[in-house]
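Both of the next two complexes hold subunit A, though its partner changes from subunit B to subunit C.
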Partner chain A sequence: MHSFGYRANALFTFAITILALVCAMASLSDSLNSPSPSAHVQVLNINWFQKQPNGNDEVSMTMNISADLQSLFTWNTKQVFVFLAAEYETPKNSLNQISLWDGIIPSKEHAKFWIHTSNKYRFIDQGRNLRGKEFNLTMHWHVMPKTGKMFADKIVMPGYRLPEEYR
Partner chain B sequence: MDWQGQKLAEQLMQILLLAFAVVAFITGYFTASFQLMILTYFGGVILTTLVTVPNWPFYNRHPLKWLDSSEVEKHPKPQPSANSTSKKKPVKK
Partner chain C sequence: MGWIGETMDSIKSIQIRQLLTQAVSLGMIVTSALIIWKALMCITGSESPVVVVLSGSMEPGFKRGDILFLHMSKDPIRAGEIVVFNVDGREIPIVHRVIKVHERQDGEVDILTKGDNNYGDDRLLYAQGQLWLQRHHIMGRAVGFLPYVGWVTIIMTEKPIIKYILIGALGLLVITSKD
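Entry: the complex of A and B
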């Protein structure tokens, strides 16, 4: 019973087992990488700031987003999903997170970027808490590897404040 | 493929695959290219298949020497006795 088919089957099984092992090692090699990303956001202008007819506050702003996420990329990285969230506290919710902008970075060459944009998604509060509100802008990212576990991290940039009056 | 050939084929298969996996991982890691690692490894798998799966002549260098059929007459089959305790199946693979 040591036929052509037997040998082909044994080889295939062993080859796939080793492939899984190699992929696991590639995934583990990611932990050798200690990334040092940086991000910086500048709020250039509050375009408008108003109360919606239903009573919720809405802001539109123009921002300068610059980030260097190149160190997140390793040989096992497929892409990086990144989003910028406004985070603040209200009496109702201890943490409000509102995504203002997001993007998919397909390669290391695109990981150092600079964008001048108004908020891509609407900045609407659940209520009327935004006047004079201090908020953080947080750069979140999710690294999607070719094999292995996805992981996420963030940079918190504190010290932003909305105006006291609607405009 | 004879007995020694089977052993050789099995060992060659395992050693070659492991070696190609190590080489593929190292090339992939140092060129920072996952694709290159996969290509190197699959190249290795195909080469290993060509070396170990077909019944190449060098797997038949230790053929079994079967007894001549005339030996059967000289050694007649033992007749089944009353107590069949020593009934053993021949080792067959």
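Entry: the complex of A and C
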């Protein structure tokens, strides 16, 4: 009953239980945080805008992205993955989401940033619908915890419009 | 090491009735593990509710040996979500992030993925000539995360001998336990 094996087993089981409990509590404590992030994006220039040989529209633009995501960070946050997506509707597709830029924020010190960039991923439509198209720019973020549940949210910034003509 | 001698004694003194009890309790352990796995499959709706990250393509978010909990629901797939997908002609599922979504009126969807730590998107990993993933390629989306625990399975698949030693030791423990 009090052999070495039993004691080792009991100790191990207890240690694992406590560890699991602490992990669960760390994950739960994230939901006590109510973040208030802010983001602002300015489209500075349409670098070029054309129809590809296969018939799909493609556009390249330069943007100014600024955001303050410091309030997303808690003690259980490993990193925040942030990306900016263009979202629009076409006759064929009820939703198009195209990631234009993304970044990994490793710590709270880097969570208030300002970046001047052209789109990192190609902005290509499935078709020829981009001329004069109104689109939303949406700042999404995915919080990766040290352990536990991942969560995500976004800020939608409506009212952007592409030019009427190719250039 | 007195407990090895004790163990040997207890193996010698096994009666037929005791042997049956041990067999039943061993069976209980195996079936309860199976029940938990199948229940997880039902709850999450994913054919593999837990996956182990095998590559560093999602670093620094997910490292090799981390465990991801999957969930498969009817909710539409959106950009930014981390999905697990199977490409035709590849056996090992891949865990990457969705960067582009084109969803048609009837709900059919075209998805492009990329690993956070990879330079380019995943079109090179897809089957020859495949440009998009469809709904049926997706096995689930990652909802939760547990670090390091997956190393156990990585070690066991890469060094099978450790697996056999472990199973043997556990089996011996179950057989020789007195209650």
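Please note the rule applied: the second predicted complex is superposed on the first by the 165 of 167 C-alpha atoms of A that agree within 3 Å, B and C clash if a C-alpha of one lies under 4 Å from a C-alpha of the other, contacts with A are read in each partner's own complex, and residues count from 1 in each chain.
We take it that a residue touches a chain if its C-beta (ideal position, glycine included) is under 8 Å from a C-beta of that chain, and two chains touch if they have at least 3 such contacts.
These figures come from a predicted structure and were not determined experimentally.
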Partners on subunit A (subunit B, subunit C) - clash or fit: fit
First, second, both or neither for A:F4, with subunit B first and subunit C second: both
Computed vertex angle (subunit A) for partners subunit B and subunit C, CA, steps of 10°: 40
Contacts of A:P106 with subunit B and subunit C, given as first, second, both or neither: second
Partner chain in contact with A:A15 - subunit B first, subunit C second, else both or neither: first
First (subunit B), second (subunit C), both or neither touched by A:Y166: neither
Touched partner set for A:I98, first subunit B, second subunit C, both or neither: second
Of subunit B and subunit C, the chain that contacts the larger number of subunit A residues: C
Partner chain in contact with A:K146 - subunit B first, subunit C second, else both or neither: both
Overlay on shared chain A, then closest C-alpha pair between subunit B and subunit C (Å): 10
Touching both subunit B and subunit C, residues of subunit A: 1, 4, 146
Subunit A residues within the subunit B interface of the complex: 1-2, 4, 7-8, 10-11, 14-15, 18-19, 21-22, 25-26, 29, 74-76, 146
Of all residues in subunit A, those that touch subunit C in their complex: 1, 3-5, 23, 27, 78-79, 81, 83, 85, 92-99, 102, 104, 106, 121, 126, 140, 142, 144-150, 152
Contact set on subunit B toward subunit A in their complex: 1, 6, 9-10, 13-14, 17-18, 21, 24-25, 28-29, 31-34, 37, 41, 45, 48-49, 52-55, 93
Subunit A-touching residues of subunit C, taken from the complex the two chains share: 2-3, 6, 60-62, 76, 78-82, 97, 99-105, 110, 116, 121, 142-147, 173, 178
